[in-house]
Every structure is written in C-alpha cells, then in structure tokens.
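As structure tokens, here come the structures.
Shared chain: chain A. Partners: chain B in the first complex, chain C in the second.
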Partner chain A sequence: MDNLIIETKGLTKYYGNTAAVRDVDLHVRKGEIYALLGRNGAGKTTIMKMLLGLSSISKGSIHMFGKPLDGNKKEFLGRIGVMIETPGFYPNLTAAENLEILADLRGYVKRNAIEESLEKVGLPYQDKKLFSEFSLGMKQRLGIAAAIIHDPEVLILDEPINGLDPIGVMETRNFIRALSQDYGKTILLSSHILSEIELLADSIGIIDKGILLEESSYEELKRRNMHYILLSVEPAETVIHMLEEELHVKDYRVTGKGDIQIFDTGIQTRDIVRLLAGRNIYVDAINKCSDSLEDYFKRMTGGEGIG
Partner chain B sequence: MMRRLIRAELKKLKRQKIVCVGYLSILFSFAVTCAQLIHVSAGTSEWENFAEMFFYNNAVLFLPFTIALTGGYMIDQEYAKDTLKNLLVIPVRWQEVVKAKVAVMFLLMIRMGMFGTVLLMAAGIVSGNCPDAFFVAGTCVKALAGNVCITLGILPVILWYGRDGGKYIWGSILSMLIGVSGVFVINGEAVYWHPVTACFTFLSDVYGRKSAAGYVKSGAAIILYILLGILVYRVRYAKENSAASGAE
Partner chain C sequence: MVNICRNELKKLKRQKTARMLWAVGILFPTFGMLLCISNHYRFRNLVGTNVIFGSFLVSPFLFSVMLLNLFELEERNGTLKNILVTGIPGWKIFLSKLIVAFITVVACTGINTAYTMAGGIFLKNYDADVFHIFGIYLGTSLCSVCATMPAVLLIVLLRKRNLVAMIGINCFVLIDFFLVWQLTMLRGLGLHLPILAAYRITYPFTIMEYTDNLQYGLDMLYYPLGKGILLLGLTAALSLGIGLWLYMRQEADL
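And then the complex of A and B:
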C-alpha cells in the first residue's frame, strides 16, 4: 500500500541461536498511532532498534517512506524522532543544555526548537535543575522533547508513558494524540499499559516471544475479536460440531469451564438458539460479551496479563 | 560535523568535577615541586630549575593518571549514562564521536599545560626571580608540547579501557603506574622509548638526554605510540558499526 510509512517483511533477529524476533511483518500507515503490545522481552524494543539501525537484522527487510532502510538510513533518521528505553542524558547538564547538544549535532533545527519542545512536554525552558535531579517522569518528558526537537515526520517511542504520574500520563496521551491528529505525525509506540493503548492507538500489533501474533486496526480488532458470543451448553463437543456444520462457525474457543466463545462476527445469537432448540439441546446461557484489550491480550498470548 | 562534535564534547564537560581533578593534580604537583625545591640546590637559575622539576613531576606522577581518568570517563559515560543511542539516531557515527573526544582530551591537556605555566609565572613573580618573556614563552611551549606528547603515549591505554563499561579506572591506574615507572628509566636507554619520558629528549634540558641517536629514538617512540593509538582505535572502535554500539 502506498501510504505505508514503515513496512517490514520477515523481520528476524537472532542472538546466537535464540530468535528474539521472528518473521515480523509490520505495517505502519501514514498519520496513524500504531501500538506494539507485548510483555517485557517480547521483542518490541528489538524491533524498534532494528528499524533505527541500532541493531542489525538477521533476516528480512525494512522499508521506510517507501524505500529500503539499507543505504537510506541517514536520510530516514533525520525524519524520525526517537525515544528508546529509559531516556539517557548527561546528568551534569540541564534539560535545555542537553537538548542544545542534540540540536547542535542535528544542525538544522528551528531557532526556538528547544524552547518549543520543552514547552510541549511541560518542562520549563529556564529551569536550572540538572538532569541528575529529575524525577523519572521528568526524564521521560525530556526523552520525548528530544524526540520532537527536529519536528520529525515519524515518532518511534518506546514505553513513552512509563514512569509518568496519572496527570503526566493524561498529558502525554493528549500530546501524542495531538501530534497525530493536528500535525499528521505517524507514531509507532510500544507500551504495556493496555488501558492507555485502548485510548490512544489506531492500530495494534500484538507481539509475544518475538512473533507478531496479530496486527490490525483497533476498531477492527474490537469488531472481530473482542466482541463474542458466550455459549454455556452441554455437551460442548456435539454443539461445536453442529455450529461448524450448520452455521459454518470457524472462529471459536472452548474455555476451561467448557463454555464456547464464538468470535465469528456474522453469527447471530438467534440463529444459534434456533439451531440448538431445533435439536433439543438445552442452552444454559447465551450472551453477547466484550473483552477488554487485556482479556484479549491474555487470550492471544495464552497466559497471564501483560505487566 | 567534527567541529560540532568537538563543541558538543566541550559542552558535556560543563560542571564535570572530573575536569577539576586535572587542575587539582597540577596544583598538587606544584606544591610537591615547591617542597622538593627547598631541599634541592638551584642549577643555572632557580626558576629554570623549578620549571624543570615541575615539568618532571607533572609528567611522571600526575598527568598520566589525570589524562587516563578524564579521557576514559569521557568515553565510558556514553555507555554508562546510555546517551550513545541519542547520538546514533541523529545519526552520528560512534567512531566520529570518539575522535572528537580524543581531540577534546588534547585541548584539555593544552589548557592544563597553560594553567601550569601560569602557576610557574606566578611563582617567579612571587619569588622575585621571574625570567625574561622569551624564556617564559619557551617554557609554555614545552609544557604544552609535553602534555600533548604524554597524552599520545597514554592514548592507547585510554582507548583500550574506555570501551569496557567502568574499566577506565583500571586504565587510569595502569597509566599512573606507567608514569611512575618513568622514574626508574630516566637514566637508562629505555628513557627514549617510554611513553611518558620519550618527550624529555626534546623538551627537558635537565632530564632529557640530548644526542642525535636520542632524538631519533624518541621521535620513533612518539610515532610508535601514535600508531599504537590508531591501532587500538581501529581494533576497539573503528570496526564497531553503529548496530553494535552500546545501544544493543
């Protein structure tokens, strides 16, 4: 698709014989907020580092702005703002002094870029406080300020709301949303705070053990997978056979309690009731349910929550 | 780009206490020389003798440690404070950053040499034994050249140890030992080849052994240490592509 800003094909990274990332096909479209969801060690940061050329690629390819990363890295990095992992700055310098160094090395930032970017993240420009005296939240804000100082087209933010207080989380969320909506920036971020992702992301990629399990728009994800019909009935095996044969149900799951979750969007509860009543099968309960993103994440990754 | 990198490196040194260690070591060296002078009879002139002793003390006792500590810290901090990733995504090549750091190391040593010269002049004025301007200028040039040569001699150690998180302290200790070992080679053939004392042949009238062969040997030694520095840089940094740099 021609509006793809970031596209990877079969992106793979090995550390020795261990695959940290396996065959990831990522698609980030222009102007959207794309969230990579995964537990710690799932491979989110490794993917981001490969996108930035900070980590070598074992296999696969990366295209950005419609061109391959190889040979165009310098040009791409000038168009991308980055915050990877915990922000690292010089502890003996103030926020403005730290940004001055980065701005000077970039060489082409606007005259008042430092002041503007600090203001955007809510850090005072004239503050004499040294980076070593910053709280984790302030460090995080400075990391974002450094990422936007050169007015990039794309932002790659690794855990941008990590360590922020509730007000800071809300401000950062609004700020990221504004960057996307008002300024048309494309944003790739990673997070394990699912409630925030629900409020922020346009598209979501769920990654577990280095594999991208699902990639879709959040709306589509909600429509397809997070809404389902929960059917309590016995015997489940017989009912499943009927549902497959008669209603062509394909996407379902049997829970530990023996209930059936049906994710196929085209199936109506009345069709199920009619079918089962016609076969003299008693239905204990049938409900339309909605999963939270966390429930869905657990279901997809087959384990505990994300934290 | 190199100018911008050097400017950035100088900014990074703002409020760095480790730079003060360099100036303190020169002050300490000055104090030690004053104490020594009480017990040593003057040679041709008191001020000249003092300047030579100050130069010698700096070279063998203080500068190697100070240079290695400051230089190693400058390199190490980019790994320790995780700031390297910010530079690599600009993009700036880590190899270029290291070159800028080496350039700033030399600038710092020149500044310290000037500080030492100011102390010497102050001592001359206070003691009422101030030499003429020509001699002061010569001493200043010697001090600056001496600092540059000693930095060249110690550079391989700095580059080798700066790369491995926190190990620059060991590099500083090794450099101090190298410096102190200069005391023991001062009267032997090794004085021409030692990383710290090689420059004495050119720069010291008292501690240098002036001969045609000596100049050749010391010149060769300094070139050798420059080549060794380049070799260590190539082994430890130049082959390191940005993908493997610290931010992995």
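And then the complex of A and C:
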C-alpha cells in the first residue's frame, strides 16, 4: 500500500451534533482516477474540503503523499490542483487576468503556464471577455485551467463536468483521462453523472449520508457486485431457505415483484436449476443479469436519486 | 506579501464599487477648495476644512468601505477557497486587504494635497510646502483611520451581509464625524472616545502657525498627547487583533 497518495483513517466531520462525514477510510492510489459517488449532501465536498484543509477535521487523520497532513499544509497544497464546488473567479476580470492572480499567489508557476492551461481546456488566451460574460461551461473550463496551472501531481475536482455541453463533457473526459494516463496525475473527482464515472474512473467510492459504503476498483466492482442471477420462482421464501442451506448463498435480495437476485459470484446457474428441479420446484425464469452503475448505486444507497 | 497586495489591487480593476470610491476620493477635495476660494478665506482655512472633511470623514469612509469591498468580493464570488488552496495563510490575506485599504487612503491624501496646493494659489498666506501639507493630511488621516478601526470588527462579522455591513460602517463613520464636527456643541473634549482623541492630538499640527504653547495648553487643559496616542493605539491594536482572530475562526470552516 506504499503507492497511496491520499489515505484517510476514520475521517469524521461534525456540524454541531450532526455528522456530515463519519469514519471514512479513503485510499487513492498513485496515477489512478478515483471517483466519489453520492447524492447531494452525502459528504463528498466535505471530504474534499477536509483533504485541502478548508474545513476542520472533527476526528480521524489524513495522510497525503505518505505523510500526515497536520502542519504540512503549504507543502502539500503546492502539489495539488483543486476545483471545489462552483468555480469562483472575479467577474470583472478576464480568464487570463484571473489565472494571473492565482499564478502569482502560487509563486512558482513556469512561464506560459497561463497560456498553456487555457489552451488545454479550450479557452482563448487573448480573449477580452470578462468572467461575468462566461457561460457555465466556460466557467467550468476555467476552473479546471486554474487547477492545472501549476502542474500538480494530484487533482481534486468536485463535479468537473457539471454544466458542460455534450462535446465539452467528452473533451473534459478525454482530457482528464489523458492527465492520468499520459502525465501520471492522480485524480480524485466527484460527479453525479454515473455514465461518465463508468467511462472514466479506475476506482469508485460510494458515499451515502456521510458513510463510505463501498470502495473498490471499478473492474472489481463490476465483477463482484454488478453481475447477478435473477431467479423467478414461487414460493420465494422456501427457495431462499433451500439456497441458503444447500448452496450457502449469502448475498441475495428479493425484489418487490418477488424475484430473487443472487450476487454471490461462486454460484452457477446450473447448480440452482439442478437443486430446484431435484426438489420439484418449477422455475419461471432464471437469467444472468448485469447491473449498470446507476442500478448498483440505487441498490447500495437504497434510493432513487443521485445528485 | 508585496505579491499578495498587488493581487488585491488587481482585483479592483474595472470594479464599480472601487471606481465609485476613487471618484469620491478624487472629487471631494474640490468642495473645500471652491468653498475657500469663493469666500476669500486664508490658506490655513483650506487646510483646516480639508482636515475636517477629508481626514475625518472621507479617509475613514474610504478605508472602511474599501476594506469591506475587498472582503466582500471574495464572499460574493466564492474566490476565498481558491486563495486558501494556494497555501497562503489567512492572516496574510487579512493584512494585505488592510494594506490595500490604507493605500487607497494614502493615494486620496495625495490627491487632497494636490488640490490644496492648486487652490491655495488663490488664497491669502499661501504656504507652498507640499510635504508639510501632505504630512498634515496623512497624519490626521492615519489617526482618524486608527480611531475607526472598530469598523474592522463589523466588516469581519458582517461581510456576508453586505448591505447591513455597509449601513453599519457608514453609521459608525458618520457618528464619529459628527462628534468631531460638533465638538464644542457636544462638549466632546473631555470624552474618552478614540475619534476625539485622534482630533485632539492632531489638532495642533493642523494649525499652520502652530507653536509648542498650543500643544502644552491642550495637554494641560484637555487631553495629554501621550494618553491620546495610547488610546488610539489600543483601539487600533485591539480591533485588528480581535478582527483577525474572528476572521481566522470563520475561515477554518469554509
């Protein structure tokens, strides 16, 4: 585990008596794209703010680049590019002027960094348009440009594709992918667009009500949880008992229609059919199914919406 | 620190509030100049008028409104987080905004001096010593701004409610000015108020034909210079200290 760039242990944040984030153990490895998934108010932004020292930690610890965060904020922040919530810039200044301020504050940005970062996100350098005249998509692009201006090792991006048009989404996705693959950047992002996460993320953390419900690589998640066997049979209670007793099925769920979803990866369809046929139970249907990330997310969080 | 202050100034580029404040600073000295020329006053009356209105009304107004503007623009645009993630400590941000607000006051004091020198040509007993006049304006402005420092607490506490903060600090500045302006009527010379201390300790050097006897007389009759400076210094130091502490506390949880 020595290639961990971000690691949290029991990270907790209280606002009064309410826990916004509870005992989160996050593991972001070098060079990967890690996506935090969760509804609005699930605690994604709070986690990101705590990682950046923008919000105090109630309990737990953060390690970045293998070192504890306490007291080393300045050193770490120079190695991290950030876009948190809606990108905030001065409306009376142009994109280049806004970036100049940030570059100045960073203090060690190379020459042409502003021009290069604007070019990378597809914004013109010489444009006299003020930030107040920008569309939401342009603002989002400028936010990403500000995050990469100092060539950071790690990028923390909160909803980076929010507000972008379809072409912009595709370009940003390709750009983020290139940053990870070609330049070896480690990226922690949050997004509510599940289809994009499916295309982009190497690892996924699902967070709900401040609790990290699951954390694993996307491939592992797909292999382990998103494939299941759907069994339509009656009576479901008897069959479940048989499956538990005979085939040692543990991970299953009964849907509202009375169908049984079996998630245990070791169970074969033919074993189930053989067992039920042997007990003279008629099977209406049995299928190998595959969940989308959205279905899986709903199942994990027990709800419909995601924000 | 120079970089941070320069960036604070860059943020004011094309900004409407900053333009309005500059307009006040540039146009206000014309009032005293025209008043004194039309009434054929002496040159020292022009200096006195500009001290009262310029240093004790316009300077604290410019300082506090510019400071509020600088804090509020970060809140309004959500830019504070961008600055904090560069690793710059909160106290430097706080200090840089104070410096820029004070730079505004110094620049307007310079403009006031230029107007005084130009207007003075038409008045009796003209003294062409630019540095002397600038020193008078800067000294009185500095003391007046120090006396207005409690407004920093209002700014830090109310910066997310711009209108309330604006009303609050303007009331504070106006009450201070009223106390100075109606000093005799309100029998304010004996009051231990920072703005009155500022006026009392700077009064002697605003008189062009100032003598040591005047300072001695004031010290004996009303308020000793040392005590006045202590009161002003404590007002400024406590206001800034508490203001910074509150700011750092608020900033710890964005």
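Criterion: the second predicted complex is superposed on the first by the 306 of 307 C-alpha atoms of A that agree within 3 Å, B and C clash if a C-alpha of one lies under 4 Å from a C-alpha of the other, contacts with A are read in each partner's own complex, and residues count from 1 in each chain.
The rule we apply is simple: a contact is a pair of C-beta atoms (placed from the backbone, for glycine too) under 8 Å apart; a residue touches a chain by one contact, two chains touch by 3 or more.
Everything numeric here is computed off the predicted structure, so don't read it as measured data.
In the three-chain model built by superposing on chain A, chain B clashes with chain C. By the touch criterion defined above, A:93 reaches both chain B and chain C. By the touch criterion defined above, A:73 reaches both chain B and chain C. Of the two partner chains placed around the shared chain by superposition, neither chain B nor chain C is touched by A:183. Shared interface residues of chain A, touching chain B in one complex and chain C in the other, are 49, 52-56, 73-74, 77-78, 80, 82, 84-86, 88-93, 97, 100-102, 104-107, 130, 146. The residues of chain B lying in touch with chain A in their complex are 4-5, 7-8, 11-12, 14-16, 77, 81-92, 241-245, 247-248. Residues of chain A that touch chain C in their complex: 49, 52-56, 73-75, 77-78, 80, 82, 84-86, 88-93, 97, 100-102, 104-107, 130, 146. Interface of chain A with chain B (complex): residues 49, 52-56, 73-74, 77-78, 80, 82, 84-86, 88-93, 97, 100-102, 104-107, 130, 146. Remark: chain C residues 3-4, 6-7, 10-11, 13-16, 73, 77-88, 252-254 touch chain A in the complex.
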